[in-house]
Structure formats: C-alpha cells, structure tokens
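To keep things simple, chains are lettered A, B, C, D, E, F, G, H, I and J as they appear, and every chain counts its residues starting from 1.
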C-alpha cells in the first residue's frame, strides 16, 4: 500500500457513499480547498484528522497512517493537462504568466508569491448572464535578498 | 515587423522611460491586468487604445497597426516555466489541479471555468507577518450540454 | 474500480454483444456523437442515462455510479496520436490551425470557438468518386472582453 | 529568401493594407479557407494565382516563384498549441479523438478520412444566445485494403 | 481482454508452436506483410480470417471477436524506436524525408503517397557480397485540390 | 558559411532557375535519389561532382568546398514530421515497424537492414484508378555476430 | 536590447579584460555567489550596484537600466544540462531528491526549503587526496499550513 | 522481486513501525544522508549492513540480497520533479547552474565536482526569523586532463 | 510470458544463486560482453546456448524458447539515462560525438562505424593512482556509396 | 563573439585551408582526439596552445582568448542525435548500457567510470573483410563511498 492507493480508496468510497467534499471538510472543521487537496494526495493530515477521515471513508489502519506521511506532490498525469477544466488554469498561466510577473515585481520588487504559505477560496458568483467561478488566492510575498 | 517585435519595442521603451504598468493602464482607463497582458502581446487593442499606446511608447505607425491584430497567444518560452515567480503558478495548477476540478464540478456539474470570459485583479494584502499577494479571479462557468 | 475500468467494461461488452454505437445512442434518445464520447469516458451521464447504459452493457452498480461522476477527460495515450485515423484530425489542426485562427478572428474579432458549448454531427456523404466523411461542428463564439 | 519569408511578407502587407482574407479569396475566385491556408504557407498556388497574389500584396518576383513551390507544411510552432483559439481544436481531437474513430469505423469499416482530398467551410451561425462558429468538413473515406 | 492482449496471445502461441509468419499468411491466402501487421495488432480481419487465426493460434472466442475490431494503430513503444532494425527505417525517413518530398512533388505536384491505399513486399535479394533486404512499396498518389 | 547555407543557396537557385532534380542528377550521371539527398545536405560529393554542381547552381568557391565535407545528417526540423507527405513515411514506420522486424528476422535471423549500404528508386506507377508512387529499397542485411 | 544581451556584454567584457568574479563581487561588497548569479542574468541589481557594474564592464546606459529590471530567470539552455559540471548537480537532485525530501520532512514536517530566502557559499576544501569543492546552502524552511 | 519492490517494502515497514531515518542510520553507525539514500534504492549495502536492515524492517532473505546489488539509480518519476520540495533543488540548479560553473572553474580550472566521491550533511539551523535548512556538500574536484 | 519476463527471471536467479556474468559467459564459451547483453535481453541465443542458460538459471521451457527469439532491443527506461554509470557513457557521446564524427570521416570518408558488426572488451587497467576501466571497441566501417 | 562563434571560425578556416585534424594535433604535440574535441568547443586550451591555434586558423585575438575560457560543453543539437554516425554510438549506449553497468559493477563494485579523468584513441584496424574502426577508452574507476 502507498499514498496513491489511499487516494484511490478515498475516491472510491466517496463515489459509493455519495459524499460531498464540502461535508468532508466540515467534519474536519477546515476549508474545502485544503481538505480536498489533502484527500487527493497533496497535503499531510494530523493524526486526529487522519482518524476522522478513516472513519468517514472506512479506511484500514495502514491507510490512516499513510495520510500522516508527507506525500510526493503533483496531482496531474501529464505536464500539459488534457482535462479541459484543468487546462484552462494551465492556459491562464501560459497567457498571463508574464503579466503576473510584471505586476508582482512592479508592486513588490524581485521575489515570488509563495505557493506554500498560501490559501485559496473558491465560490459561486451569481451573475444574471450565467454564474461565475470566483477564486481568491493569497500567497505571502517572499523577496530575494542580496547576500 | 511582427507582434513580437512590437512587444519588445514596448518593453524597451518602458525600461528607457521608466514607466509603470499601472500608469499605462490608467492612461487607457482600464485594469492594469488586462493592459499589461495586452502590452505583453496577449490581448488585442482597439484603434483608439493602440494610438494612445503608440504615443506613450513612441511606436511607429506600423506597430500601432499590429497592436490591433489578434496575436498568437502564449507568453512563455517553455512548457514548464523556469522563472521562479511564474513556476509557483504552474505548481499551483499541478498541486491543486484536481482540487479545482473536484470543487467546481461539485458546485456546478460538468463544465469549465472560462479563461476567455474572465477577469482578474492583483493587489497587495497588508499582513504584519509579511505582505501578501492577493489575486481574485472570476471566470464564467460554461456547462457541457448533452445533444 | 475507476472510470477507465468502466470504459473498458463497456468496450468489452460492446464487442461481446455486437452492439452498434448508433443503437446505444438511440436507446438514450441522444446523438451518437455525444453518447459515444460519454461511453468512451469523456462525458458525464445523468442517473437515468447511467441506469439505461448499465442495463444495456450489464454493468455492476458501482460502474453505474461512476458514469455519473465527471471524468478526467482526454481520450488519447500520446500527445501526437499514432492511430492514422485520429492523426488525420491532428494534421488538420497542424496544417489549418492558423487558418482557423485567421478566419474566425476576421469574422468575430478576438475570442475563441467554444469546445464546451459545442455539438457535432458525423455522417456519410455519398459521392460517385468514393463516399466521404461529412462532419458539421458548431461551437459558440466567446469573445475576449476588456476590463 | 524562402517560403517562410514570403508568408511573413504577405502577413505584413495584409496588416499595412488592411486587407481581408475573404477579399483575397474573392480575387482568386476560390474559397477563403483554401486561399488563407495557402497564404499562410500551407498550400501551393498555380502560376496565375501566384501572379495575382503578387500584385495584391506587392511581392517581389522571387516571392511569386516561391508561392508555386510545394511548401513544408505544418503551421504551428509547438506540438500542443499555446494559442487559446487553436488549442480548442487540439482539445476537440483529444476529447473526441476516439469518438471520431469509433463512429467512422462503425459506418465505413477500417480506413481513414482523408486530410488531403478534403474541403471545409467556416461560417457564422446566428444564434440569439450568442452567435456560433459553424464548420463543415468533408474528407474522402479511404479504406485499408487487404493484399 | 483487449486487442493488445490478443496480440500477446498470438506472439506467445507463435513462439510455443514454432510457427512462421509466412505459413500463417499462406493459411489465409494473403501476403505475409499484411497478415503479420494484422497479427501484430495493426489491421482488421474479416470474420472468416479471424476464425482461421483463432484455430491456428488456439485463441478463445472473445479473441476471435477482437481480431475483427479496428485496432488503435501504432506498433512502437517510443517515438524514436530504440530497436536497431526499426531505427534504420526511422533513419531513412530522417535522412531521405526531404528527398522523398522533393521527388514526389516534382513528379506528381502537391499531394502525398497514401499510407492507406498501400501495399508492400519484402524479399531476399541474393548478392555475392552479402544478401540484401529488398522492399517494394506502392502507395496511391493523392493530390491536394483547390476549392 | 556552413553546409546549411549551401543547401539554402541550392534550393534558392533551383527555384530561380526552374531546374528539375532529375536534370541535376543527369548532369552528374547518377540517380535522382542520391543526388537530391546530397543537394539537400545529406550526402558528400566528390570534387568533380561538387564543381559540376557549383557551375549548375552558380555557387561561390567556398560552397563548392563545403559540398565535399561530410554533413551532419538529418533533414527534418522535428522528430515527428509535420509535413503530411513526410509524415506518411513516419506512419509506415510506426504501423509496420514491428512487421518489418518480424519478417526480416524470420528470413535472415538477428541483424538489420543497412541504411548506409542502401539504394532506392522512386518512380510513377501508372494505374487506371489513379497513379501510384512506387518505391524500391535495397539495403544489405548485416547480421549480429556472437563473440 | 534585452537582459540577455546585457549578460552577453558582461561575459564578453570579462573575457576581454581578464576580470575575476571574485573581484567583481568585492567591488560591490557582496558575496561572489550572488553577484555572479546577477551578472549571469539571474538577480536584480540596485541602481548603485548597476552603476558600479556599468563602470567595471564599460556598459552603455541602457544596459545599466536593464540590470535593475527583474530578469526572466533560468540560466540553462536545456532541461537536462549537457555541461558535465552542471549535470553533476542535476544528478545530485536525481539521486538524492527523495532523500532531501525524506530528511527535511522528518526534521521539519510538511513544507519546503526556500530557494528564494536562500544563500550559499562555495569554497575550496584542501584535501591531501585532491582538493574538494565545498558548498554550504542555507534556505528558510517554509511550512505548509492548514486553512 | 526487484530492487524497487525492496524500496517499497522498506517504506511500508517504516510507515507501519513509525521508524525515523535518523534511527535507522544510527543502527548502521553511518550518516542519515547516505543510509536514507540507500534505503530509497540509490546506494549499495555491504552484507552486514543489509542483514541489519533486514532485521530492522523485517525483510525476507531475497530482499536482503537485493540490498547488496548495485541499483539502477535515479529516484524521481519525472525529469522536472513535480514535488515542491524537490523542485526547489531543481530550481537552484536551473537558476544557479551557470554560477556554479563560473565559480568552480574560476577557482579550480576546467573539470567538475564529483557526485560520486561526495558527501553531504543536512541539519536544522536555528534562526529567530524562522529556522533554516542547512546543507553542506563536499565533492572532490576532478580536473580534465590534456592527452 | 515475454522476453522482459525472461530477463527478470535471469536477474532474479542470478541474485539468488550469486552467479557472476563472467562465469555465465565461460559456460557458453563466449565473451562476457556478448553473453551479458544477451541475458539482459539484447541478443539472440542459439538453441544450444539457450538450453545451457536454461539449466544454469533453472528457467522453464517457454523461457528457453524466448531466448531464441530476436528481442526488441534497447535496455534503458529513459532516453537520457538517470543511472550515473550509464550516464557517463551518454555524456561521452554528447561531448565527443562531433569528435568521433570528425576523426572517422577524416580517416575513412563518409560512412559509419557499424554497431552491428561490432565487438567490445571491457577489462581492469591497473594504475597506481587508481585502477581504470579499459574498453576496446571494434566496429566495421561501412561507407556510404553513390548510386 | 562567443565560443560557438570561435568553433564556427575554426571549422570554416579548416574547410578553406584543407587542414586535417591530425596535423592540427601534431602542431600542439597532443592526441588528435583531445585536440579535435577542443577545437569543436568541448575542451579548454592553455594560453600557448590557444596562440598556436590562433596562428594556424588565423583567428582574431579575441577568439584566442575565448579558447582559454572553459566552454559550456555538449556538442550535439538534439538529445537523440540524427546523424547516422553519431547515432550508432547512442545506440551502443542504449543496447549495451545495462551491460556496461553489470560488468563494471561486477569487477569494481558500486561506482562509475570517469568521463573526466578519461582518454581515448581512435585508429584504423585493417581487416580483409573490410577495415574497422578501433577505439580504446580508458577512464578512472571512481567508487561510491559510504559516509
């Protein structure tokens, strides 16, 4: 058994039980974004969180241990994602990549937006012309320092 | 002359004149995100916008015409960006890609978040532990339809 | 079990039972194009559609549930398809890609043809010099907007 | 000088003169799809057609000769196109590739749709919910033969 | 079971029984080139041919059905083949590719040699300095047409 | 100046002068296949041959020297050729690669068909259903030896 | 002119003048590691630093401005470096990558070592069996946080 | 069974038993860096070391033998690692690669830092602004020699 | 069962029995280089050789048959080998590739060194500064011929 | 000017003057293998050697300085070389890679053959069946050490 097996167990259990990610997150008292990423094998759970997930998805003990091990991250099977929904995010990076760079450097100087000290929130934005996906991201700015 | 040449002219002029993207955007009365993307060769300008940019960056007439031609989009030289700032966005897609997919489908059903009917806003978020980059994205949800 | 397993079950059942895609589509009262794509793991079925397919292909209950889960899309094993029939479509994009772009922008301005709000129809076109494959595609034009 | 240089000359002249592809095609009495592809370096012109284009775009004599030489085809700079409009066509092949294959084989048996004995037509389809891009493709079916 | 499994069954049976491709082809009354390609998963057999192969290789009924399904073609595990014999053919395309193109266009104009309406014959050519592999290929010329 | 420059000079001169490869070959008293490959930068000419080509294409002296230097071979800009004519040959290797291997090993044992001690001949094959491209290849079989 | 041009100017001037990186760094009063990276186009200089470098390398004014613009980072022409010295570092990441991961997570929990809030020092380590390259790296640990 | 299977056995046993790499290393009396790399399939153990590991992880006899066989090295599933922690090291090579090269050649002349006659040490560096990962590397300099 | 399975059987048996390649080769009365390559799935054995290997490694009858079938050659899992020992050979080709080409053409004219009519010998070269790996290669020169 | 420019200057001068690598090497009193590699941009020359080469090839002073700068090594334009002569060496690594590994480890234990402390010699081996290319390589064995 490895962490990928645990991810597959969780997805299978979710399909069989008809659970929603939002409900899984509520059970842990955390955001749906972080909990979903964790269940999909991208984050590390504390022992208490892992036990709760084990109960919810009826996982064996070994799986509960694996949830506490830092996973090898990266959730996509190919560098350029073939899935249309995920590709649109890839496209945003491709089209707006140099714009992100230009504007962040203009505001903050040389450095990056952290993808580690990072949080995000994804909600529905009602719109008469068709509802919209609304995403808020917040990442700490980390400056390059001279030495 | 092609659109890439015009992008290079704009970047050179910006370095020489010490302009800021925010000021360029203000001159056009539009967001700094869209205007920067356009100046970096990713969007198409109207004749009036193109003329204004031509004055601002002292571009030749032919360049002003090129700004009104729809460009071949994609701003990055390699599939996996080597620049650390842009890579962090690539990493977010890699780590959170399946999470975006799971949560959007849970909320909206099968479909995508449009990267075309899309807007975004990038600001500084003050934080005593170190300021943060704050990004808001809004893209129309487009459902797959059966036929 | 995952969605790929369900796709393989459907293909195996189709070979064993000698079914035709056209008949499968008729059973659901939908186009053969959309139904085939769905059976090959690219679209999401409603509960009623999934139950009908489950009966037709004698699928287990879990498989019927998987048909209602949005799949990770992309039907090809390699970026450049090795199969000659599919490659011809890849070649059309390679040869006519810039032509599609030039003509759609000339007619509609900057934007794209949606691959989501999209339908297509594939028929036989009788021709004395040899019958032809006739394909009609219709995708909503989505304009880029300034903001 | 080579054919790529001629393509760039044509695009530059078109931008400077503000010509439309449709008008260029009308001048030759042919479809806008084939003429545009040819001007973008994908098709071969007859001597008469080349002379007409030379006049229209004010090309030097050597360029007129190059238009009559069969070009090395393929109009895109990367295997997976970064341009959003062209990518949508790539995505259609990725998502519907196995569907094209299944339905054409079901109707015609083993073989391919020719991308050489091929024609297409791209038009605007009026729609109250937003106009659509309408594309009709017709390619001769070529059967594999046993020998 | 899928077509790849059937190909492996055939290869295993061939090794166990010590059959020769030439004899397999003779049993079907067809060329060894086409029959070998079909047994290696690249061509589609008629019901009668499939039954004969089923008897010869002692295949189960389901395998016999799979032989009649059009396969996803492409016989090599990597784009550049590592096997030295197959690589030499890849090298011929690499070294002589532009020569094939130049000479076929000189003789026939713009178009291609069909790889579908195609036959070939591979024989031993006796030579006192060492026997040679002699290959004859014949593919229909398909012209590009203006429209 | 390098060999690629010489290849471009030859192609430009050929377009300007309207020469045919067949005539170029006749001038050297050799096959059109080998001479075309050489002019396209894939073979090495003797001093006498180089001088003849220099006269024919009006090349400078330095170019005549370069024609006698062994070139870095490989005539295609990408691993998978985008040009439809050349791709068909790539496809033949992809589809028939394992067939070539199986049949040559069946006839000759372990070894390869040489792509060096190799000759080929490309002709028009008249056919009432449409003329065909006829190619004959002959390569020495080279056996692997035990040691 | 762009930043790459400035990097090439600096390297050419360094070769012509016979300067050493250590001396360049001393002139700026900073480490040789950071200054070399900056001169090679990977870091951003302050106006004072840029002026000093401009004097040292006799750069034109525009180049001095470019040194103050945040560069598009990434110093290598290929993903897997062909240069043997640089490849050894790539090999260390390949062989020890999972070891870095295991040990940092064991000591710190889930998170990363920053490559931005980072410094390093490269010195000669005398050794009777042959001197050694001694490298010290120090990067801030950044923990993933739950949210 | 192969060496990869043994690596998976070790990782599974470590998760189940809750062992720490540091303790495993202490049992062998060696550094945690080398022992972890070895357990992750990158180094070769002596018979005594292998027996100790076999006891610690309760490995079968065949696994203990495999630990003494030189493994096929390389610990990462993709050329560019998707895991954020490991990617940061890849980024250091990308950003500082030419700097490593410049400074080592300046100090030592032409040659490389050995990745074989190499040792490293990874520790926690306390820092009031947040603890840091401290890594010391030492590799023998190997000069290219003329001959 | 296929040839890869046989290779794995041989390697497993070798580890279990503690055999040396040199002894395996001696049993067949052939060089250790050719026999090792054959056991690793790169060469074809005669019936007598296959039977001897079957006895030595206690292989099943079917495996003995597979050893006599020409394998699909290529022993490495990635194009650029990650294993440091094998990479050094890849590096030699990368660094010295154009040197091999220049010197062989200078001595022999246009052609290649055969990798088929090839033998090699790998021995220990005692050296007081550290023993050396000594490799002798001999491949027949094959000239390109004009035709 | 950069090192690549110097390499091109040397090759052009060699073609114009009709020099042989062997003679160039003799002028420096070194092996033809090392000197050719150096002239092709892979090795670093001492000031005396660089001056001699400058005289021989009539290089400008700046080029003579560049010959003394350690180059960015790697002589091939693509990872898999398209040139048939160089490809044969690539093929040897592909086919014999695991054999090199197995035999060197059997003789020396875990470690590598150095590609830095390395020398080679390439000669003609007369053979009545056709002369052969004879290559002798000698690289120091470098053992991995435990620490």
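Heads up, the rule we're going with is that contacts are C-beta pairs under 8 Å (C-beta built on N, C-alpha and C of every residue); 3 or more make two chains touch, one makes a residue touch a chain.
Bear in mind the structure is a predicted one, so any value in this text is a computation, not a measurement.
Visitor: Give the chains in contact with both chain F and chain I, ordered by label.
Guide: E, J
Visitor: Treat touching chains as neighbours and tell me the shortest step distance from chain C to chain G.
Guide: Tracing touching chains, the least step count from chain C to chain G comes to 2.
Visitor: If I rank G-I and F-J by number of C-beta contact pairs, which comes first?
Guide: Here the pair linked by more C-beta pairs in contact is F-J.
Visitor: Taking all residue numbers at the chain E to chain J contact, is the shared part over half or under half, that is, same or different?
Guide: Shared-number fraction above one half, so same.
Visitor: State the superposition rotation angle between the two copies chain C and chain I, fitting on C-alpha atoms only and giving a multiple of 5 degrees from 0 to 180.
Guide: Rounded to the nearest 5 degrees, it is 145.
Visitor: Matching over half of the contact pairs by residue number, can you pick out the copy of the F-I interface from B-C, E-J or B-H?
Guide: More than half of the contact pairs of F-I reappear in B-C.
Visitor: So, what's the distance in Å between the C-alpha centres of chain D and chain B?
Guide: That pair's centroid distance is 29 Å.
Visitor: For chain A versus chain D, what separation do you get between their C-alpha means, in angstrom?
Guide: 41
Visitor: Taking the mean of the CA coordinates per chain, how far is chain A from chain I in Å?
Guide: Computed from C-alpha means, the inter-chain centre distance equals 47 Å.
Visitor: Mind pulling the chain C residues that touch 2 or more other chains?
Guide: 33, 72-74, 76, 79-84, 91, 94-95, 98, 101, 105, 111-112, 114-116, 142
Visitor: Could you list each pair of chains that touch, in label order?
Guide: Result of the pairwise touch check is A-B, A-C, A-D, A-G, A-H, B-C, B-D, B-G, B-H, C-D, C-E, C-F, D-E, D-F, E-F, E-I, E-J, F-I, F-J, G-H, G-I, G-J, H-I, H-J, I-J.
Visitor: Considering only the defined contacts, which chain I positions touch chain F in the complex?
Guide: So the residues of chain I touching chain F come out as 30-31, 33-34, 43-44, 46, 70, 72, 98, 101, 105, 109-112, 114, 116-117, 119, 142-147.
Visitor: So in the complex, which bits of chain B are touching chain A?
Guide: 20-22, 32-33, 36-37, 40, 42, 73-76, 79-81, 83-86, 88-108, 111-115, 118, 120, 122, 124-125, 127, 129-142
Visitor: Quick check on the complex: what are the chain I residues that touch chain H?
Guide: So the residues of chain I in touch with chain H come to 8, 11-12, 15-16, 77-78, 80-84.
Visitor: Looking at the complex, which residues from chain A come into contact with chain H?
Guide: 1-2, 62, 65-66, 69, 72-74, 76, 79, 115-116
Visitor: Show which residues of chain D lie in contact with chain A when the two form their complex.
Guide: Chain D residues touching chain A: 80, 82, 84, 87, 91, 94-95.
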